[in-house]
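Note that the chains take the letters A, B, C, D and E in the order they are written out, and that residue 1 is the start of every chain.
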């Protein structure tokens, strides 16, 4: 039993910086004036986190675990740290100065929780041990429950917090049971030990444990059949939180799930069949239901929620494709691309629905009518993000992401799954393009709550959207940069 | 010209123009309220592109049958994806058609009143996408440009279209996406099969053509996926119903580019990709495609006859005409394939011109119903004359361009599918019936003074638009030699190569059958455990052949 | 003896558990839950997890449940209205839960037929727990503080209300 | 003899009761209590397994679950209070503004 | 005849001493230039158009004469203008060839064409857009010359379609009248049906013989099965029926009379409609290998000539009578061709061109005089008012009636003789030869009868109309006189002095025929003509009440004849209407309902699925918990058990 060394602490800096940052926010909130620039401070913390990540990634020569084997310290974690921090920073940037409009009255607490959720998400992906993993999950979730309810005067915000909280607790109870079963089977909560000891176990029990674990992970990823919370919560929560959930949280859940499930069930060859069948079915259901139900949504946030469900489906396809054939790398790339385009889309929603953010139908699709005339740049950006989500050039990141994912799946032999995937992708074009229709083809009616007046964008939102758009294009045009390193990173997993 | 990447310049010059429209201060709506400056800017860029493509044609060596003016740069090395361009006798004239039509479309854009700049932007962007599609020799690059064609067209129909534009444009996009995504799966499959055999990924068309060895069964499926994507684009019966809607709702320029170039992309895809990659699949599907094409010829013609809307009539006539092109190609001999390529050019010119003519009428009277016109020949003789010429070109009267194409197609196809071609000849009759019927109903008879008494004849700008098209109708009808000479060497070697593959591959009837299950994680894991991977065996067998 | 104790405890746990679900009045449910948690603490104790048993009683049955009851009283919650769904659906849900239970236990019966060895060395004593907690599990332990921090901050943010500013 | 199986079955039974309660009860506080039931059920399993394997990882897990439960109690009750403030009800059926 | 003999003779007949480099293209090019100039200059100065066009036609005629005289016995001129197109195994030259057959055709086309141009100057003098008219007319000459000069099937086809286009334009010349325009369209479309057959024939020839050059084809022919020859021949014949107005595609020709009368004379009597006959003559080596096809040709031709003659009996429109007469005479030409006497067919073609052009121009003169009145019941007694017209018309009538020594007699006599002897060369005709000859004789009687009837109704008796007729101007009379002269002596000259048979024997099979008969014998052989003419004179000058009574005698028959056997109505009812309804049904039913319906239906199904699945979005926590739990249990159990 090794004691805690300085190295452990240093290498855990990416987690520690936002945690401490959160405390600092709270502390400063007490002493500073009412309107001190909390957002900027939080941004600085996140930038500091980026610095820490840089430090860690430079230092990571040898793969190792930290704190007597409860945290991984490997490129995989670093990659997800980066994704989590960058998406969190982008979300933060775009929501700068817009909290009040969304009904958030306690910015100090909000930012603190935001940082804590970020830290929790990092623990979640980096955990090498299931109790730590569970704790990371709970830190992230607990902060997130509260963030969802942060617009305290809005009943839909409370309602979304309630739903997210109860369903989240419900699912984590299942996850916990899964952990208990694995512990019972192997006598350890260390992933690597479990993976070794699991060989030869009763596959029935393993299957049940697998089911319970999937319940927990899939819930956070937001895939069918554990997606029911997503639309309600996405719609009810303040838009910045929604964006945070859709990108950062989903990314960390995928990262954690990828590592855990891969190590436990894929490395363990004999359980692979059960595992892959289950994920196969979930992936198909997710793609179909996510995309098909999105067709009928009028609320844009709800639509994006279902779209994110659909994308979870595509990511599960990559999840299924074997790592050697590019599944893992494709997933890593996809998460990055998906993150920027989704944040971009939510950013535009945030800007356009500013006036009606606290109304019930504030994000109705008619809000976008005539945006192409009143604010051509915003509309063009939204078009780019939506096309990217639909996987159509010039939305290159989405297209290349799908390309990687489906290509990996085909080489993995999942051609049927890919066919379903592309068909769903075709279906998804309809609802994405419906927004484009509203923006460009339907003129705004005077007076109504639509975009007859150009929404204000501002510097922070503008730069966030610009960064997202740039990332969408660059990731797509020069994907090798990310993909090749993703390949290297994933190769460390097996 | 040494050192200048000519093809890239041709592809991206229009895009540069499109961007310039937004960057140049003179094009700002404030200083350019009627969009004249933007029009001229766009015109200059499209003309420059045309000039460059003419230079390309001049420098092109027809006798060299492989790709010329190659450009290649590694793009996504892990998948062997290259930014790779090239032009050969099959694509060069289509490139010229594209660059030729675009200035004409821009000249004819006067009828677009609102958002001229955006309209021109989309047109130029579309030109880039189309040229890219024609010039890409990397499957991935091709696919990107292929999909890129959708977005500008979507906006062109959606913003500047008619009443049901939203329905039409969504239908257009969804239909096309539906097909092309399945093609994407087939591309993945082929690339993976190639990788399994040769141990490296590549999207290079030439390499895939060389090295892709697939069993008949697999080829059938992959070809079907490609055929669906391309068949929808052509459009082949029964995947054509998006076309009339899109044509009717699109603005004039949109219709012209749709009929003139976009539809050709489907057949071009067959020629460039589906057939060379999957010759056995092509062999199996060929007769069925021919059947569909012939059905399309007769069906399109019959339905066109029943139309009361001029644009819809012309749209259905496109279905019929493209049927000829497909028939000619799938008959797959040198004559018919050349004819098919030639007919693509002709269709672009004559149908493009017809759409422009309809646009002229629509600009003046804002109706496209046949019943609203009649007796116009007396009032607008020049218009009537032009209309007659393009009508005759459309029904393939000898000495117009249409005849050469149609004759080559039919006489060539007759050698492969005599019965089907005999049926297709019915289309020749029906073509005359609906086109002359249209001409008679609109141009002949007594003029309704109250309705069309104020109609003015084509003005000088419109005349400028039609003159090059008019000239081409006869030049290509009387002197097709120069055009044919550019493509025949390539077509000859192309047809020979593919036919040779059909024969040899069919004879060998390989044991090897690409089976995706071999690449499942089982394989991967067994490999990790040090067992012999089925993949290795596959490689070994592949090496033996 | 041990068996009898187990069955008694088990019976009480199941009974109080059912009571939690079945009671109309939330207060009754809460009280049932307290009993249930104490039963669980007894089970812990019977498994020689003394530290956990203690914490269970103090933190769970004590602090947490008091908080719950406090909230119930604060919000002045009355009895629950009957569900809108028909009885059949409820029955179905209960049956499904039961089926879940039966299926899983059927599976487990074949796996864990092990009688725990009762040894003196390794027990859930405070010392043993503490040793593990502060060596191997020091990071989770610290992370738990973050969790509690988040919970505190979050609940404050959500529950506190500023006076609405009049503009 | 009392085997691990006995504890496990007890655990599962309790878990099932919790699940059932979660699904059929409408009062948010009771639903919350059902979640607590489920967590405690898992705790029983953990402790039994810890005994079976003779290591303390399971007990540490239980300890952490208790922390989580405490945190959940705080957050959950706060959310319920917020909901009550906005909707004047703790009935989960009434909290259905967000739907379809 | 033995197959090999036939093939040999075909090879012999296409074996010319060809002379390269003759600028044959100039013959066709002149009218093309004329056409352009007539339009451009005529647009400024309307009156100049006619003269320009006439000059172009005359110059062309001059060129033809030049080559005609230069043409050596059994030789041919060739002019390879350029390689038109070539791809794969198909290579087509723009090739002109001038042999004896072409020479005859060219002379007819440009000669009569020039005369009709001249005539048109007077006829169209008052028309507002006569520049357009002359432009079209010259364009027609150009196309027609392409047709006859074409050295391969495709150049011929160019001309073939070109004349169709010009015919379309000229029929619909007065396009403000929609029914005229419709007549033009009908002509074009019916022709297209024939063209489709022609195209198929070209494809078949290309496929089986690899060439479409007439000479090469003649050399390569042979070796294929009789069925193939029959098929090709029938396809060609389908093309010919379209262009030359034979059953079943003859319906357009009567309607085509909507065009200006010179057009009817030039296109629909003298030249274009005979293109089918020319085609058969050109491809004779193919037809002689397909005896069955020849029987079909004969049968169709006989039927056509009979039906058309019967209809002509009761027409009152002077141009309609002439139109049906043309159809009937074209039938005669095909009879000759079908009997294997191709040169006779050409002979009749030439004489027919003389007298029918004259008749049409005469009728045009009458119509012009009567201010566009075409109904013969509104005429009468015009012989006194316009003697030149009347005289020429009568001469031509006698010519068409087949009375020696007028032109028509010789060709008709040959046709009937050829039919009688057709069994010698075609065993299938053995049984029918006599029968065909008999019917043909009957038709000849009918021809003489209805033509005399029309002449009587127009020129004899007293004027029944209301306008003030007058003799036509000199530009119109001069062509009439020339043509009448040709109709008078042309046959005799070609039979004896100029010996068409001898001239054509190097390109067409000419069977040795008996020594020339004496004048008396020929008068004797003209008995059908005398019979018809006499009967008509009797009925329409003396017993004028009888015809009406005759018609009244069998009303259904006369009605049937007057209504042209209801061909148009039957086609309309059986083909056009159903096809249009079918098209409409295809559009509404197949296209919109089934195909588009299934497309939109798929979309709707997906959409509805979305709607149905959306039901799960109840917004209620408990339901979500239940769904998740149930789904989790389901998936776990599903994979546990399966």
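Just so we're on the same page, a residue touches a chain if its C-beta (ideal position, glycine included) is under 8 Å from a C-beta of that chain, and two chains touch if they have at least 3 such contacts.
No experiment lies behind these values; they were computed from the predicted model shown.
K.L.:
Along the shortest chain of touching chains, how many steps lie between chain B and chain D?
P.N.:
Between chain B and chain D, the shortest chain-hopping route counts 2.
K.L.:
Chain with the smallest distance from its CA centroid to the overall CA centroid?
P.N.:
B
K.L.:
Quick one: which pair of chains has the most contacts?
P.N.:
Comparing chain pairs, contacts are most numerous for C-D.
K.L.:
Return the distance between the CA-based centres of chain A and chain C, expressed in whole Å.
P.N.:
30
K.L.:
Please tell me the distance, in whole Å, between the geometric centres of chain C and chain D computed from their C-alpha atoms.
P.N.:
6
K.L.:
Can you work out the whole-Å distance between the CA centroids of chain B and chain C?
P.N.:
So the centre of chain B lies 68 Å away from the centre of chain C.
K.L.:
If you average the CA atoms of chain A and of chain D, how many Å lie between those two points?
P.N.:
Computed from C-alpha means, the inter-chain centre distance equals 26 Å.
K.L.:
Quick check: what residues of chain B touch more than one other chain, meaning two or more?
P.N.:
In chain B, residues 174 touch at least two other chains, as defined above.
K.L.:
Of all the residues in chain A, which ones touch at least 2 other chains?
P.N.:
In chain A, 131, 135, 138, 142, 145-146, 149, 152-153, 158, 161-163, 166, 170, 184, 204, 208, 231-232, 430 touch at least two other chains.
K.L.:
Could you tell me which residues belong to chain C and also touch two or more other chains?
P.N.:
93, 96, 100, 104, 107-108, 111-112, 137, 140, 144, 147, 150-151, 154-156, 158, 161
K.L.:
Can you tell me which positions in chain E touch chain D when the two form their complex?
P.N.:
Where chain E meets chain D, its residues are 614, 617-622, 625-626, 629.
K.L.:
For chain A, which residues are in contact with chain C within the complex?
P.N.:
1-4, 8, 12, 19, 22-23, 26, 66-71, 105-106, 109-110, 112-113, 116-117, 119-120, 123, 129, 131-132, 135-136, 138-139, 142-143, 145-147, 149-150, 152-153, 158, 161, 184-185, 202, 204-205, 208
K.L.:
Considering only the defined contacts, which chain C positions touch chain D in the complex?
P.N.:
It comes out as residues 2-3, 6, 10, 13-14, 17-18, 20-21, 23, 26, 29-30, 33, 36-37, 40, 43-44, 47-49, 51-52, 55-56, 59-60, 63-64, 67-68, 71-72, 74-75, 77, 80-81, 83-84, 90, 93-94, 96-98, 100-101, 104-105, 108-109, 111-119, 122, 124, 128-129, 132-133, 137, 140, 144, 147-148, 150-152, 154-156, 158-159, 161.
K.L.:
Residues of chain A touching chain E in their complex?
P.N.:
Contacts found on chain A: 162-163, 166-167, 170-171, 174, 204, 207-208, 211-212, 214-215, 219, 224-226, 228-229, 231-232, 274, 277-278, 281-282, 289, 292-296, 427, 430.
K.L.:
Looking at the complex, which residues from chain D come into contact with chain C?
P.N.:
Within the complex, chain D touches chain C at residues 1-10, 12-21, 23-27, 29-30, 32-34, 36-37, 40, 43-44, 47-48, 50-52, 54-57, 59-60, 62-64, 66-75, 77-82, 84-85, 90-91, 93.
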